[in-house]
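Both complexes below contain chain A, partnered by chain B and then by chain C.
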Partner chain A sequence: MMPRSTFQIFFQTGAWVVIAFLVLPLLVVLPISFTDTSYIGLPKHGLSIQHYVNYFTDAAWLGATWTSIWIGLVVATCATVLGTAFAIGCWFLSDRASSIARWVLITPILVPPVVQSLGFYRFWVVLGLIDTNMGVILAHTLLALPYVSISVFAALTNLDRNIPRAARSLGASVLQTVWAVVVPAAKPGIATGFIFAFIVSFDEIVGVLFITVRRVSTLPKMIWEGIQDNIDPTIAAVATVLVVITLAATAIGVMRKK
Partner chain B sequence: MTSPILSINDAVKTYGSIRALDQVNLDVAEGEFLTLLGPSGSGKTTLLSAIAGFIKMDGGSLTLRSEDITNRPPEHRDFGMVFQGYALFPTMTVRENVGFPLKVRKKPAAEIQKKVNDALEMVQMGAFADRMPSQLSGGQQQRIALARAMSFSPQVLLLDEPLSALDKKLRADLQWELKALHNQLGVTFIYVTHDQDEALSMSDRIIILKDGSIQQQGDPNTLYNRPRNKFVADFLGKSNFIDVTVGAQTGTTLQCAAKGVAFNVETDTHNAAGSDVKLALRPERLKLGAPGEEFLPAVVKQVSYLGERCQVIVKHETLGEMLISCPTWKTDITPVAGLAVSIGWDPDAPVVLSED
Partner chain C sequence: MPRMNEKVSYWMLVVPALAIMVIFYIVPVLGIWKIAFTEPETGLTNFVAMAGSNAVKTSFVITFRVAAITTIGCLFLGYIVAYAISNYSSRLTPLMVALVILPFWVSVLIRSFSWIVLLGRSGIVNDALKGAGLIESPLRLMHNELGVLIAMIHVMLPFAILPMLTNMRGISGAYVLAARSLGAGEWTAFRQVYFPQTMPGVMSGALLVFVLSLGFFVTPALLGGGRVLMISEYITYQIQEFLNWGLGSALSVGLLVATALVLLIAARFVNLRAALLERK
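Moving on, here comes the complex of A and B:
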């Protein structure tokens, strides 16, 4: 092995520290989730699965999970349809107006979530959407839109601009051209956008805290309230389940690519 | 000409202050191989896009078999089109690509199958039907694009610099194939290129465009040997230019004087005595000899060896530099820089340009 320079040691140590910083907080929830105590802490006398049992049997936890999933799916569907249509439209135009429109659509990523949520709150009060599923879906769709359109834009950057012209000259109408040629080419971006949109909605908490009261409860909101009110270790169990699902999905994705 | 298949009348297209098409009038004959030739910015691609229906003209009209199609959308014009970058649909197989125009026309599956096979056979790509475009080389992709544009038997085939992305050898092969295909199918081809060799080797007729207007049109032979102006003489092949003052003209023989050099030119044009005209002289029509052999003394400035030909730049005292292209196998002298030589030409070699 080559002798290491101070320089190398410095940067390798730095890299490990960063990894530890990223991963340790995830790992700490694992022992907490198996704690035998009724508050958040490391196991005292032995391991217990009581908090997992609680999560999978408690109506409130399951209800919140289900709400998050179905709202996420509806949001992902709406955002994917709208974001894809927007991106394809801009790609076709590709003029000054469309590049301005692209920047405007990306603003939800740039504006601080608190400011945005305040906006939702004020506006939803007027529209009577406070504490409704519809209100959450609308807000999340808006937040998820830029992710979809950005990933569809990325998929279309390398598409030859003559391709729609070729389709037209071969006899396809504008709609047929979009449907048979452009959408299939954008498919990888559309799929990525759908997943992104789902995650944005599933994960979102600030907006939900502003625009819901009692009737609508999503999983992040339950976790938040769990910490606030009763320091229930069930949230560690929930967190562990989410981490495991994420890891599994990533592993499947990596294996399918191979 | 019998009644044209396609007519372009007074076509105008402007982009800001630039006139991309400036009152273009053009009739395309049925079955013709027509080439639009010009440098970039000459309006040739704009003209083709207007014919295809991708851009709306600011003025003028377009008729197909005496039917006005000026406002008809591209999908209803029934023109096949081949693009420089192939423009194959990346998510479809070769077979699906070629079958696409038939599928959107809702043809029965059996007919699609047959026509796709025929089109692929036509371009010798039958073995590649189930590949994806990304698995093919550039030349193969362009063959597929050609098969796709022909599979639905279009009235006219539009080709937008289809060979310019390919390497030189492949380009030469495909020129032969395109020409053969045109002869075999009898379909009207409208071909856009900036490459004069392509234009000369394949076309029945060449339209030379500059700044959105037609400079000259005719068959390759006429255009090459009888260019009308300096632009055509210089763009289609190379030319040397000599400004001369016309002396007396007797029949077809014209006496010319240029900076102390007097010579006769055979021409079918009529020129008033005392007028100034420009002569174009092809490099291959200039003769290179030992000192005293030809009628003008000159000195070799630079030599470029090209295999079968040799290009020589010589300098004459008053006429300045001239480009000579001579076959390497039949020159008696070996030109090197600094060598004293003589140059000359036959009286029918210079072309009197009728405009600037």
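Moving on, here comes the complex of A and C:
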């Protein structure tokens, strides 16, 4: 091992300190979720799984979880289909107009969540979509589209334009070329886009707070209301389940890369 | 150059997503502008009220201050991580990258909840400090700007790290080596040769964090406890508590204009295309 200078020590140790700051707070929900108390806090006399039992038996929590999952899947499917077609069309065109179209499609990233939610609320009232699953799906699809479009477009930048051209000159129609040549090349981007779209919908809270009332309840909304009203340790159990799933998925991802 | 009828078929792929976005997103957001100028009456009433209100002024100042401090904090902490990942490669590098991306997948709501658990009056930090005998009465770590800033920096950090990482990975080590072999010390070579090359990444990171922080709602609302009213929360107050759609919309227009101005100014220093449209 080479002797290390202060410079190297600063950056190497510093980086791990910062990463600890990023990751460790995610883990605090774990001990809290096993608390034997009825309020948020570390376990007092022993560990208890009562808050997990509560989560997995409470109809409201389970219902909200299920709603979030199925809405997320529908949103991811819609956004992936629309966004992939969009990105592929723009990639073929690659002109000024399509470039403007791409800017239009990413506006949801830039507009503050509260502002867009006000817009949704007023328009959804007119359309009769307030407090409906359809209303949430539509809003989430719009919010997810930028991510799909960006990731599919990024996957296409490495595709040689001569390949679809060759397909066309050999007699394939535009649709056949898209389907048999471009879509396979864009696959990694499409997959990333789908996952992103699901997560965007699954985690979205501000829009849901504005456009739903009683009938539609998603997991983030239950967590939000739980934090606002009485801090119930069930939230810690839910959070732990989600964090553990995320950790497992990341670990699998790292393993597969190696 | 694609032929004309060919172009039409490509546009057919573009139009569905674009049409939905324009009809159900752009139009409603523009509708907010209309409300700002027409409710309760046509004219500039809401904007006059907005300009005359000290509470609004305070809220805008808090918003910009929190966004600015968050940005600086994220750039400083994020730079260290991005530097270490791109310059000291080891077995652990892939793990570091994974850990940087990991928080992205955990919702902002849960991350904010974790900070409530940590920073609350009888939170883990206060309990630990009391247990260690370092403090008598609990410190006030949240329901103030400090708590909001800690949690905001935590939430925004990956947005700062990733653009810097992309930029640093494209920097050749030859320049720093040349500077070192010509006698520059490690810090001098870093400051004068390496750092200037990372400016594009730093700027994209700064832009992303600043713009997202300006409009942030969840974390300030939960950690601020109603005492750190950033514009987004102020808007929801106006609308949910007072049903004052006119003022709420005018504030939204103000926030949109502020965001647009930041982007316009940033466009002089940052390649917006690379920072936003062609993000990796």
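To be clear about the criterion, the second predicted complex is superposed on the first by the 249 of 258 C-alpha atoms of A that agree within 3 Å, B and C clash if a C-alpha of one lies under 4 Å from a C-alpha of the other, contacts with A are read in each partner's own complex, and residues count from 1 in each chain.
Keep in mind that, in the parts below, contacts are C-beta pairs under 8 Å (C-beta built on N, C-alpha and C of every residue); 3 or more make two chains touch, one makes a residue touch a chain.
None of the values given here were measured: they were computed from a predicted structure.
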Combined model on chain A where chain B meets chain C, clash or fit: fit
Partner chain(s) touched by A:Ile252 [first = chain B, second = chain C, both, neither]: neither
Touching partner for A:Ile49 - first (chain B), second (chain C), both, neither: neither
Touched partner set for A:Leu159, first chain B, second chain C, both or neither: first
Partner chain in contact with A:Lys187 - chain B first, chain C second, else both or neither: first
Partner chain in contact with A:Ala239 - chain B first, chain C second, else both or neither: second
Touching partner for A:Ile205 - first (chain B), second (chain C), both, neither: second
Partner chain in contact with A:Gln116 - chain B first, chain C second, else both or neither: second
C-alpha centroid angle, chain C to chain B via chain A, nearest 10°: 90
Partner, of chain C and chain B, that touches more residues belonging to chain A: C
Minimal inter-chain CA distance - chain C and chain B, angstrom: 5
Overlap of the chain B and chain C footprints on chain A, listed as residue numbers: none
Residues on chain A engaged by chain C in the complex (per definition of touch): 5, 7-8, 10-12, 14-15, 18-19, 21-23, 25-26, 28-29, 32, 40-42, 82-83, 85-86, 88-90, 92-93, 98, 101-116, 118-120, 122-123, 138, 141-142, 145, 149-150, 153-154, 157, 174-175, 178, 199, 202-203, 205-206, 220, 223-224, 227, 231, 235-236, 239, 242-243, 246-247, 249-250, 253-254, 257-258
Sites on chain A touched by chain B in the complex: 159-160, 162-163, 165-173, 176, 180-181, 184-185, 187
Interface residues, chain C side, partner chain A - complex: 2, 6-7, 9-18, 20-22, 24-32, 35, 77-78, 80-81, 83-85, 87-88, 94-96, 98-103, 105-111, 113-118, 120, 122, 124, 127, 154, 157-158, 186-187, 190, 211, 214-218, 222, 231-233, 235-236, 239, 248-249, 252, 255-256, 259, 263, 276-280
Contacting residues of chain B [partner chain A, same complex]: 52-54, 73-81, 83-92, 100-101, 104-105, 145, 148-149, 152, 158
